[in-house]
Amino acid sequence: MSATNIDDPRVIEFDVRTDEMIINMGPQHPSTHGVLRLALRTDGEIVSDLEPHIGYLHRCAEKIGENLTARQFVPYTDRMDYLAAMNMNLGWALTIEKLLDHDVPEKGRHLRVLICEMNRIASHLVAMGTYGLDLGAFSPFLYAFRERERILDLFEKTCGARLTYSYIAPGGATADLPVGWTAECSKFINQFKKVIPEFHTLLTTNAIFIARTTGVGILSPRMAIDYGCTGPVLRGSGVYHDLRFHGEERYTELYDGYEFDVICADSETGKYPSSHQEVYKDGLEYPDVPSDAILGDCWHRFYVRMLEVVQSVRLVEQSIVKYDACSGSHGEPIKLTQKLPVGEAYLETEAPRGQMGFYVVSDGQSNPWRVRARSSCFSNLYVTAPLCRGVLLADVPAVVGSLDVVMGEIDR
Amino acid sequence: MELMAVAWAYWHQFFFIIFAGSAVGFGCGVLISQNIVRMAFYLVLSLGSTAGLFFLAGAEFVGAMQLMIYVGGTMVLLIFGVMLTAQKDFVNMKTHTHDWILATVVGGSLLMVLLFAAFGSEDWRSPQDPTDAHIVDTKAATPLGLALTGVRVDKLDDPNDKLNQGKSGYLMPFIIISVHLLVVLIGAAYMARTKKLSHATGLRSSRARLSVFKMEDEDEVLEEEKYVVLRKDKRATNPLDTNGNSTDNPDNTDED
Amino acid sequence: MAEFFNEYIFGDGPWSWLGYVIAALIACILIIHVVAVGAMGFIWLERKVAGRIQDRLGPTRVGGKFGWLQTLADGIKLIAKEDLTPDVADRFLFKIAPYVAFAASFSAFIALPFADGVVANHVNTAVFFVLAVLGLEVFGVILAGYGSGSKWSLFGAMREAAQVVSYEVPLGMCVVVPVFLCGTMNLTTIGNMQEGFITNWLVFNDPFTFVIAIVYFTCATASVNRAPFDLAEAESELVAGFHTEYSGLRWSLFFMAEYGSMFLVSGLAVILFFGGSNGPIPVGDWLANLLGGVEGSIGANLPSLGAITVGVIGVANFIFKGAIGVTVMIWIRWTFPRLRIDQVMAMCLKYCVPIAAFCFVGAVGWEVLDLPTPNNLDEKSRYEYHEKWSQEYLKTQRESVPTENDTHVQQAVPAEAIVTTVAVSQSDLDVNGGKQ
């Protein structure tokens, strides 16, 4: 069951037993999060093998990068992980700044943290809403999107776009935030904090949701590291690794002076950090880990994203204060035809779905010689195959949804 | 006008012929049809018509029981079995001539015996005027229930002293059959249990299952850089080769 | 009703059969209205309730501000769609499957009383009949899944059939509890026994019956394949399950069958547990006396104004309570995620069946030990709860046939299938003359 062209000498088709079926999930399927084709081999209800087929959304972004200047490439990064476009822009901007050895002023730094953490909230809302939809819970999807609409309205005020922003450019941002934006953002955050417990009631503590996600798709830390998983997938297995703390200096200095936690279960106690209590000054409790949940299963990955939303809320509040206290330039973007010095630069950032890396090789022209995007979801997706062996058919959307893949980033 | 009067007077016969005709007709459909799933469906309709006959006779309880047990239970089981095992070979079943002859002889002789018995019994001849038919509200459920728990309430006026105590019920067979069914259920559940496989997901099972799909001669294949298309499942969709032609022809699978 | 026609229009002569036919046709038309128009109403209700739960409005354009006629517009669209049959489908089975499902759902309404005496056919073993016919709906699903000729549809059909058949077991156990509390399977009688104040409803009889009512509702939701048990329609997993290949009118028949069944099990719950056509406060008798009494059994005279009013109020009560049950099912659907098939089966076998069995034993024990109940079922004799028309008839019977002593058990119907007169002098075989 692989590529239909029989040119590759290593293409081998497997024998199919008479009691098995080979079923395609996708590429048009409501729960494959984009154009993904999963070839499942099942005998009735139990999946014995799974093979993901990608490439349906490939748009040759990397090759196109060789013909555009650094600033012209920014819209292409938008369309990679289109649900977290600001973070993609940030990755590219930091890489080019690393190559140019260019520093962004203080105000621009806070602006970047503010915008990227807001986009992280929006991205996790989509992940959470569509995950509920995969499992048959229709309402949390709409609640998540209601909140996301407000975030998108705020983004529309900054750059005029709702999904593909091209806002954070190498050198800073294309424009400063409008007057009064931070006040509206604070208003949104205050209202959003009250809404977060609704999601916990609907999904995280719901008995049926717990029954569907605990014990399913258990990813061991060793396997996660071996497959190159990053982001909430990695932290959901208990590996304490977040690039905002452990990454390169050029990236971690973005978060200098900010207080937030890495959301990862403690390896001894199995408990999550409880600094979120400060967010809820009215004493609302976060739900405890249910007894059926095993570290590394779908529920933990989902819970990591829920808690990261709260940490992002903290970061947004702090960055609003710091941004308002700053004066100066937000960072003018570099020239459109800026020549890039000879050399190469690679930088990974912590995007909402994992570690997104950009690699630029330049030979002195304004167009790079090679552009490469290291996609986080690409490595995350391949762990589906070992995770889904021996599960029931209904667990496959649960696993794929918990990995939170976006095909635009995988196919580029 | 008179025809309609006659039709109305004989309404009971009319509906009886409809239900009985449908029962017999669909029964014949089971015999004649060649598609096994349709056979099962015709049997469903035949048994449903029998339930209709029971309702026509006023035996609501038995009619509902027929629907629930035969149609809702036995036939669902049958249809499950038929559908899950209906491979291409068995979907079309042709009855050969010698089968027809044997079936006619055996079935026909049984029919003769039954007809003799039916017409020979006094109770089964209907002496009354058929235009006097009513459907009786029999309220048969209560005496049935009581009989199953040991009290035969319909025999309380019987002259036989042993019977009119009302104690000659069917409690013992009822209990025996219940226990018997319980044993059958437990046995079926035990036989159908899943064998002890590692059902866990993730790392624990990946090693176990991977071996099932390992290709034979995999290493040799890769070393010699030859590919073998082991498409034993002919029903899989056939891909097109590079010229756009269908590789449906089995000779097209080349082995270098 | 048939006798009414025959009395006034056709006489007892050769045309009397027309009275029966017209009565039957009217009953059929009314039931079709319940199923089809009810489905239309419930689909609208579902969309509105779903919208409100999801923080949005539902349909708001067709038919005024609230979108009353949206379902009608959808129905017209569905009828106008192209009638597709897949190539690999078994044509006969593919075409007949929606009709089988719809017929099963429709037939069960024959025995469901909407009020005292307002029932299409007075079936004495109505509970059993309804359960038996409800179990036939699974055939429509199986045939649809198989007849579509695709693996996905067959998957969905098999899962659904397994689920429906498994949940018939705890459903039956839950239904038996009101039956033995009332001592009869006649749904009209069970409904009538709960007249009076709201404390007379069987759900408040004892705590075990209360739990049984909840378990019944859960099993009923599973039995009609609603979320969280709606694997067969699980859109995100199998596209649309067994009805993937159906479009247009055939698909709409499946959905009418589904909403019809939802209303049916809801109505059954209402009659068995929640008072039938009785409201929380007994206004029937008072109102009827105000309007001139309820005498005049249907068939002897024209039913009196009092009887008609009581009947209409009863029907309205029943439909209202049934609609509440359907609304609760809709509410649950849009709140919870979906269970996997093994979890559904585990829920049936490991939770519903033991709880139902335990509560059944508990309810029996409550009655045997004669523990206090808030209703007055014990005082009145069961005969007084029968349908009015049958009470009149039985009274005449009792006068004509020498009555036996109440403690002596009556003879059952003789073995002949067709008899000329009804020989039963008391309607039920009552061993001790009323409950003790």
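Per-chain numbering from 1; labels A, B and C assigned in written order.
Keep in mind that, in the parts below, a contact is a pair of C-beta atoms (placed from the backbone, for glycine too) under 8 Å apart; a residue touches a chain by one contact, two chains touch by 3 or more.
All values reported here derive from a predicted model rather than from experimental measurement.
Undergrad: Going by C-alpha centres, which chain would you call the most central?
TA: Chain C is the most central one.
Undergrad: Work out the mean Cα position per chain and let me know which chain is farthest from chain B.
TA: A
Undergrad: Roughly how far is chain A from chain B, centre to centre by C-alpha average, rounded to an integer in Å?
TA: 54
Undergrad: Suppose each chain is reduced to the average of its Cα coordinates; what separation in Å results between chain B and chain C?
TA: From the centre of chain B to the centre of chain C is 26 Å.
Undergrad: Could you tell me which residues belong to chain A and also touch two or more other chains?
TA: Within chain A, residues 395 contact more than one other chain.
Undergrad: Using the touch definition up top, name the residues of chain A that touch chain C in the complex.
TA: By the definition above, chain A touches chain C via 21, 23, 29-31, 45, 132-139, 141-143, 146, 202-203, 206, 208-209, 211-212, 392-395, 397.
Undergrad: Across the complex, what residues on chain B touch chain C?
TA: Going by the criterion above, the answer is residues 1-2, 4-5, 7-8, 11-12, 35, 37-38, 41, 44, 48, 57-61, 63-65, 67-68, 71-73, 75-76, 79-80, 83-84, 123, 126, 128, 130, 132-134, 136-143, 146, 153-154, 156-157, 166.
Undergrad: Over in the complex, which chain C residues touch chain A? Could you list them?
TA: Listed in rising order, the residues are 50, 53-56, 151-152, 155, 227-228, 230-231, 234-237, 239, 334-343.
Undergrad: Flag every residue of chain C that touches chain B in the complex, lowest number first.
TA: Chain C reaches chain B through residues 13-17, 90, 92-93, 96, 122-125, 128-129, 131-133, 135-136, 138-139, 142-143, 146, 154, 158, 161, 165, 168, 185, 408-413, 415-420, 422, 424, 427-429, 431.
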